[in-house]
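The following blocks contain the structures, represented as structure tokens.
Two complexes follow with chain A in common, the first pairing it with chain B and the second with chain C.
After this line comes the complex of A and B, so read on.
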């Protein structure tokens, strides 16, 4: 009778896991990572996970693009053209990368808004918020540096205009402009500089900050949007198991995002304008939609004000959890902060639409 | 009776479980396949034309390659050695059949020489005369019009 138990065949996968577990105690690590609970009230809309998924998509499609892309002014444009029209599925990889960038910024901003309106940035999650805002800035940096790489007219002139605004910063403006462009104008040096930042500096920075961001989320678990952290008793509600319940929902969300990404990339593939010509500015140069509000703002106010306002606003956003000392998380109990958030959102939306149609 | 019912239920559960497992496996497999197919297609480099648009390419004149001389020229992305011999103009692939070095014209010996391992080729036929190359140099169609040397099929 006992023989039966001893001789029960174990699958190969099981034996591999046992082998690893015996040496590295992987099971306890996996248990600690997966077997946590999500508060029943928590509504994340899976936005953080979606942003993470889009980052993976950007990293993998980006690595594929570097296999054919050439970061010099003479060859960049033709290499992008080559990827788009000659390489099998090149148009798809490139369009997924372009659309993924847009969707990642959308997901990132929606994630930030969700955390803001649910008050999930409050004690004890202050640092998680700070790192999250850095992740947003890094993502915007990706958008800005990646935009130049195809080296077409739009890329060249959007970067010229975009970097020009750095020159409006008082005192250090000239130095900053030179530093970003690697010279007085957008040139070959700017291209290699942006390429290096886009493919080395930013990915490494993002991965590092992201790792800490996720570890911190794991340490706290998800916030309860109804009660401040201090009032949630540990054993009050059992919550939903993170694995497999929450993970399964998240996986479904990823599939939907992947489908949206591929559909967008197929129906509206990334185009290419004429090759960059430093001697001819095309009409109506505008930045990508996520910089349109800044662009419109710069048109409305004096240059110095326009540049210094976001510079001053960034620390406010970063330090929000330390400035907003109200412990309440329910929107009804913090009307002023919610009103401020809605107003800012409204202003950014109006400026974006205005910028689009101006 | 009760025991029998229990057996039927557990068998049904087993079927359902294995069906769901199969479905999950199928889902994962098709996801991986649908991602890998475009990625592998992308990784395989597309063909680039070897001659510029096919046809004949002017590579020089008999002034560049006088009698008894040879020269390596570019045909598309392939090197070709063109030789002006007593029997007329000849042209061969300049890639040594041994290990892929580029052969050159040895004016002193009037032979094609590979500098890597001293392979020697006949300038009329491309045949190996001495050294390690295992095969002759493949000929390239060449024609002479007045003083202009053209490579490739007409």
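After this line comes the complex of A and C, so read on.
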């Protein structure tokens, strides 16, 4: 390699890289990061990567929004109105952020389903799964806190009913409700609180957890969906080079998602209802679609049961890799787990649709 | 030393006042305690338990029973109720109805209207003529019977209800006819019930506003009953379809008028031509004021009144069509409008059909007034059209996801001006109308411009989107090409 360098006159870029490499040994780091292999059988559908891309989009559009957004009840609504109708391309930034949030949740859930059905959460990837569930919760937290920020009627009342369910938790319900709202009702305190959580607490948490999630993935390489980890013989690897082959496909996927985002934002830009009015309850209050199944469930069963079920289900989801001891990954070899997953998915879908039309 | 302190204290007025207050609190309290064991004096007991009834002091006002009208089941037995409650059929029903009625609850008992002696449990004695039993009071006597109590100011004060129903009734068409011996007309019990009288504010009462139209119609829609009086029987049908009927009966809007709001209840009578402006003005205060500024209001009997243009039971939402007939009226015979050269014919029959409740029914097609009317109509129509165009554009923009709050504010402004302009038509002054329609048009045009800008912006967004998608597509194609190249490269190597 050195011979080649000597043979040709070095370009400026080359010299900068050399200069850096001399000091920080970047090449070996990059090599370690990029020159890994993806099993030929692995089918990620690029969903994790798409979620990652959408997180980048959310972060950058979100930062732009904070340049104009003002988190007080008196000014929040007007600042959003201003962003949407006066700031140049403000409508685009806001609409991309609003649609991006929805798409990110979709992508994240599909990613989870992919991992679940391929059994990719099993040994040695248990912690990757645990962190993944945390990432999903953080993403949902983004959705919940972000929804209040425009401070229009929909925002205010969706948050009112959303936080209400926290009050039904036995024993600590009242405390929890007060803690989330910062008082008995959704108010200016709630708004500042949600703003802080949405723009500081959650992004930092997500970035930190995501970093470990990805480092772990790098350490394990992608799972083989045909054989349990123990049965993959070293000589079967390597598969497809991660760089540039897999990255190239990933880039195409990102571009397609970007196109979808642009189309949605242009044709269905984010709207704004009347300014929040705590004295005027609108006729139909519903939370965002991703909380609808939970909301509908709460309506159907006694309140305590409704609230405790998800509280009990969350640890089960987090600890799934430790509860499911079957080492097999192929769906055909773990019919009960697949059936349970399909049933749960069906129940959630039905509840969501039901909630939408009721 | 002590004396000096005392002297100093005495000098301060504050101390005096404080001392006085302390004494005032302690002394009566102590007295009350001291005497609390003693039985109340007979006078004290009487004032607490049985306030002297005005019925006692002026027995001539009380209808039949002489005693105080207070039901005290423990003391004076109401044997009528006891027996009747156990009777099968309507007699038993009467007892329970009365018990639930406002009279039952206030202790106005059977004997107060029917006479008799409720103290005895001997049926013959209780309902004997000697005991003053009269059975069912004759219809003719009912108003006076009810009025016996209800005209008594002292007795009605505690219920805060008026006491002028009887004199009002006697003035009403119903009352006058009854006095003439016609017992088919409505009497108190026909509207309020007899044993089952409820408060007028009780939504279940037949006289509650939502029920009044059906209550009046019970008789007034009865053709056989109305035939001798030559009265129409279709008022309820017509009223139900009117703006007022739809509001009151359809939307349950309690502010809308029932029959009684215009005709009166106890004093029921059709309003006369010189009363109608005040009758409508009870609710339409602002419009009445505007009307009173008009030339119409100044020409007395010959003038059109509210009902000339709007009708009575059949009032519908007015519109710009109310100005002129669709086809101009030509070759009208003079006698159509004039009795002689100077007198107008304003009788109600001429305006019975909604078709004829229009300006050109009276105003000559070639008159100066007609040019004013036409200008007024045009101004309103134009303002309305500008408003409509703006509203359409705003809805279009909103449907495309554009934020239209600012345009909507202007649109509301235009709407308000149009409503005010329509009201101002009652002044018959063209300039007053055009001032407001000009405001409306201006606001509507501004709103429309805003909406159009938003639509243009939306078009730009869609075009820009196509360009961006194009660029993304080119990139994707580039990446796919790169991929093929790579694959071929790695196959080759």
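Simple rule for what comes next: the second predicted complex is superposed on the first by the 350 of 358 C-alpha atoms of A that agree within 3 Å, B and C clash if a C-alpha of one lies under 4 Å from a C-alpha of the other, contacts with A are read in each partner's own complex, and residues count from 1 in each chain.
Basically, a contact is a pair of C-beta atoms (placed from the backbone, for glycine too) under 8 Å apart; a residue touches a chain by one contact, two chains touch by 3 or more.
Here the structure is a predicted model, which means the values were calculated and not measured.
Undergrad: When the two structures are superposed on chain A, do chain B and chain C clash or fit side by side?
TA: After superposition on chain A, chain B vs chain C: fit, no clash.
Undergrad: Does the superposition put A:268 against chain B (first), chain C (second), both, or neither?
TA: second
Undergrad: Kindly classify A:81 by the partners it touches after superposition: chain B alone (first), chain C alone (second), both, or neither?
TA: Second partner only, chain C.
Undergrad: Looking at the overlay, does A:252 come into contact with chain B only (first), chain C only (second), both, or neither?
TA: In the superposition, A:252 contacts chain C only.
Undergrad: Touch test for A:93: chain B only (first), chain C only (second), both, or neither?
TA: The first partner, chain B, only.
Undergrad: Report for A:314: first if it touches chain B alone, second if chain C alone, otherwise both or neither.
TA: In the superposition, A:314 contacts neither chain B nor chain C.
Undergrad: Could you look at A:340 and tell me whether it touches chain B, chain C, both or neither (first, second, both, neither)?
TA: Touch partners of A:340: none, neither chain B nor chain C.
Undergrad: For the three-chain arrangement built by superposition, which of chain B and chain C touches the greater number of chain A residues?
TA: C
Undergrad: What angle, rounded to a multiple of 10°, is defined by the Cα centres of chain B, chain A and chain C, with the middle one as vertex?
TA: Computed angle, apex chain A: 70 degrees.
Undergrad: Once chain A of both complexes is superposed, is A:244 in touch with chain B (first), chain C (second), both, or neither?
TA: In the superposed model, A:244 contacts chain C only, not chain B.
Undergrad: Working from the superposed arrangement, determine the closest approach of chain B to chain C, counting only CA atoms, in whole Å.
TA: 5
Undergrad: List the residues of chain A that touch chain B in one complex and chain C in the other.
TA: Looking at chain A, the two contact sets intersect at 92.
Undergrad: Give the list of chain A residues in touch with chain C in this complex.
TA: Where chain A meets chain C, its residues are 81, 84-85, 91-92, 244-245, 248-249, 251-252, 255-256, 258-259, 262-263, 266-272.
Undergrad: Could you list, by residue number, the parts of chain B that touch chain A in their complex?
TA: 38-39, 41-46
Undergrad: Please give the residue numbers of chain C that touch chain A in the complex, ascending.
TA: 401-403, 405-406, 461-462, 464-465, 468-469, 472-473, 475-476, 479-480, 482-483, 486, 490
Undergrad: In the complex formed with chain B, which residues of chain A make contact?
TA: 64, 67, 86-90, 92-93
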